[in-house]
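Consider the two complexes below, in which chain A is the common component and chain B and chain C are the respective partners.
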Partner chain A sequence: MNQTEIQARESLHPEHIVSPKSYVAVFLALLVLTATTTLVAFVDLGPWNTVVALGIAFIKATLVVLIFMHIRWSSNLTRIIIVGGLFWLAILLALTFSDFATRGWLPILRMRP
Partner chain B sequence: MAAEFIPEAEPLHPRDNYLNVRYGVGSWLLTRDHKRIALLYLASITFFFFLGGLFALLIRLELLTPGGDLVQSETYNKLFTMHGVVMIFFFLIPSIPAVLGNFLIPMMIGAKDLAFPRLNLLSWYIYIVGAAFTMWAVVHGGVDTGWTFYTPLSTAAANGHVVATAVGIFITGFSSILTGLNFIVTIHTMRAPGLTWFRLPLFVWSHYATSLIMVLGTPVIAVTLLMVGVERIFHLGLFDPALGGDPVLFQHLFWFYSHPAVYIMILPAMGVISEVVTTFSRKNIFGYRFVAFASVAIAVLGFLVWGHHMFVSGQSVYAGMIFSLLSFLVAIPSAIKVFNWTATMYRGSISWRTPMLYAFGFIGLFTIGGLTGLFLATLGVDVHVHDTYFIVAHFHYIMVGGAIMGYLGGMHYWWPKISGKMYPEGWARFAALIVFIGFNLTFFPQFVLGYLGMPRRYHAYPPEFQVLNVMSTAGASVLGVGYVIPMIYFAWSMRYGKNAPANPWRSTGLEWQTTSPPPTENFPVPPVVTSEPYVYATESEVVG
Partner chain C sequence: MADPRRLPHGEDGGPATGPGYLQHHFESLVQQKDASSLGMWLFLVTEILFFGGLFLVYTIYRWSYPLAFADASRHMDVRLGTTNTAVLIISSLTMAMAVHSAAAGRRRLIIPFLAATMLLGTTFLGIKAIEYTEHIRHHLFPGPWFHYPGPQIHARPAELFFSLYFAMTGLHALHMVIGLGILSVLVVQSRRGRYTGQWHTPIEMSGLYWHFVDIVWIFLFPLLYLIGRHVH
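Moving on, here comes the complex of A and B:
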């Protein structure tokens, strides 16, 4: 692609400008969510402890990626790259847990204290 | 591939090329020319290759005799650790991508440079800073954990400089991420007009696949080594069972990167072989799309098999079975490549030039390495040969017999373009032969040793293993000579070699359609591509 083509492409997808207001709003939302995580940590929700903590973390990460990192307004190629990265993380988790989840299946290992 | 201008119209040796436009240390250390950065990398990795080789020499000398007489066991542990760390992280991973890839990718796609020239220079500096940390550790007493840094040894027991070494590798990882990123963006956005994805040379395809691994895998090793450091310094229980961690988790994280990393080493070499085989058989590659997609398939499938390093680690046998099955899948795209190269040579007009000799070496040795990989991926067999010399032989067949042969083949093939000089063909063929003989003498006996039960990573062994070990050490000396000869004649040719024409091999690659050595901007007139990459096939063109 030569210079003029690059320019043509850029004028098709002009850089989106995020207003300072939305930045501040996201920032406040992140602070509120952080506070929530801290507060919830003092309440024992049993098995839900991890779920809630990870859920809040997920929302925060999504906000950062979509707004701070401008993915909401990015090209499809950029989105594919984000999805690809998450998919690779999923591979790491899925195959690692295929070990942790099945270790106890073998009778001999079940005898562990 | 045919470009719109005629190469013969160019002067044989242009007055201005990337090597002589500017002189002085500053013009090199601050360059943004991808070709000069490639040479910076070449100098650095050559240093590490010989340093790693020195450690290997000491290892082989110790193993000449059954008793542990040359070095103490602790020193021996440090030697094989530093050999592995230096060779893998500071030589093989950057080797072909950072030198040949850096030099050639912009030229092969008809661009002036990579997409981010400053980032490219930065990647070299990051590599040097990382190397400095690791070298500090080497000089101040070394590390003895093996290049694999297994926990809890590395976090709770080893008393070498684990953290400094790990920090060095951590930092160097970023240089590899930046290189990968740069290649991906360049290949997406800077192809010459007419250069569609399926007109890309296979070297570019294999580097695209390699870059994906670099970008997706390297962050994981970085985080893992960081975790080792955190556990070692702050005793946070991540991997050490005594602190509530899980040591097998370390192996999962480590091999999630390090198995794909073996493909960072072999895929670029496969790219070199594809170019060399077509050029010196004077035939179009057989099954272009298969070879191109095989690279991507290897990159993706390579991420699904890491558990084959952990069959006897305490990993669940059920996970082991899955990893075993998935490992067999990777062999398919690898085999596709081997078959397609042979099919390309079939009825070709083969010339026995040095790069082609290395390509032959690669194909044979990679096949042996890959097939023994399948033995190892077979769960039951691996229980027997795990952590024996069989493993050592397997990966050296691929990394030394495959990747380094590919690297040397590529260095010879593109040396006229890089330096503007021809290397002495007779010496080069002789050295290729020496490398092949030395290699097999070094590593074939190790298959036998491992099968007979000699474990890896010990400095002493039972006397009945001595004959095979003596063969291996003898082979290593021959191999060493085979590596020193090219060093000498490459350096010699810089001054005394014949001037290289633009296209000494009559290749159709775009990089050959400009002068040797190329001007800083690569092509005086930006090329336009009008055809497929390997247009050799018409009968009338076949010349002996």
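Moving on, here comes the complex of A and C:
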């Protein structure tokens, strides 16, 4: 296949077309996970309540990003942008939390908001 | 000659201009679409950090006042919150189907799916308005009229919780309103037959935006509605 043929082929199908079945499957999974997170919230798991709630939220977000937002079929460049954004968010969170968590370690810095 | 916008990009040797064409600085339509996706994701990354700041503030104050935040969270209506989560998830499905209809060349289905998405988005905002009205009626809006019905020791941090609640859900609702505006433009352009199986980048990029707003709510819902439920 020469270059012109590749381009003609790409121009006819410039993207991966996801079947509606995948969308419906993800949709049902999201509904089940929403019901799960709501029901689990009423059960006392101590500190694990927050862990479970955030864990389910991360799974839901990942499903949306991979299937609804087509990242499963996207270019690596787009993926790097997303990972980079999340890495920057991690810096924002990690540095602020490390400041906040260590404020009581030295007597002169014992301040709370 | 047929509508030039429906032709894939200068194959007829004609000038390659206009939205449906391959622009001269791209190698292929795939590359052109990837560039659009990349730009949209860059914007969404700024949005991640924008909302991330609010989630950061929420975490710091919840860490400082865990009991007050759990107590204040119990003044949320879980039934309305869960309903709204489901409404947004259904709207993400209809949005994904609008993109699919465009990509698969089923052009007659684009407008119904966009309209369904808009209807669900409006439903979400309607339910949110009912919740806001109830909070304000119960003096839970932060400010001089704030009056906390729970234990008074929690009153001040509970006001912080409600400040964050209104800021985060309000900003999210603003994104929904903007999303509805974008979708109405898509409906008008679809009516004019602007989108084809080959070129429907605006629908796809708007879909990314809509799904992102859904993801923000996926995190807001447990953090604002569900944190105090297991404590009695």
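Methods note: the second predicted complex is superposed on the first by the 93 of 113 C-alpha atoms of A that agree within 3 Å, B and C clash if a C-alpha of one lies under 4 Å from a C-alpha of the other, contacts with A are read in each partner's own complex, and residues count from 1 in each chain.
Throughout what follows, contacts are C-beta pairs under 8 Å (C-beta built on N, C-alpha and C of every residue); 3 or more make two chains touch, one makes a residue touch a chain.
Note that the structure is predicted; figures quoted are calculated from it, not measured.
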Partner chain in contact with A:T96 - chain B first, chain C second, else both or neither: both
Touched partner set for A:G84, first chain B, second chain C, both or neither: both
Per-residue contact with chain A, leading partner among chain C and chain B: C
Chain B versus chain C as contact partner of A:A41, first or second or both or neither: second
Which of chain B and chain C A:I17 touches, first, second, both or neither: second
First, second, both or neither for A:S74, with chain B first and chain C second: second
First (chain B), second (chain C), both or neither touched by A:V51: neither
Contacts of A:V65 with chain B and chain C, given as first, second, both or neither: second
Shared chain A surface residues [contacts with chain B and with chain C]: 6, 77, 84-85, 88, 92, 96, 100
Chain C-touching residues of chain A, taken from the complex the two chains share: 6-8, 10-12, 14-15, 17-18, 20, 23-24, 27, 30-31, 34-35, 37-38, 41-45, 49-50, 53-54, 56-57, 60-61, 64-65, 67-70, 74-75, 77-78, 81-82, 84-86, 88-89, 92-93, 96-97, 100, 112-113
Of all residues in chain C, those that touch chain A in their complex: 8-9, 11, 22, 27-30, 32-34, 37-38, 41-42, 44-45, 48-49, 52-53, 56, 59-61, 63-64, 78, 82, 85-86, 89-90, 92-93, 95-97, 100, 103-104, 198, 204, 207-208, 211-212, 214-215, 218-219, 221-223, 226-227, 229-231
Sites on chain A touched by chain B in the complex: 1-2, 6, 77, 84-85, 88, 91-92, 95-96, 98-103, 105-106
Complex interface listing, chain B residues touching chain A: 188-191, 193, 216, 220, 248-249, 252-253, 256, 303-304, 306-307, 310, 314-319, 322-323, 526
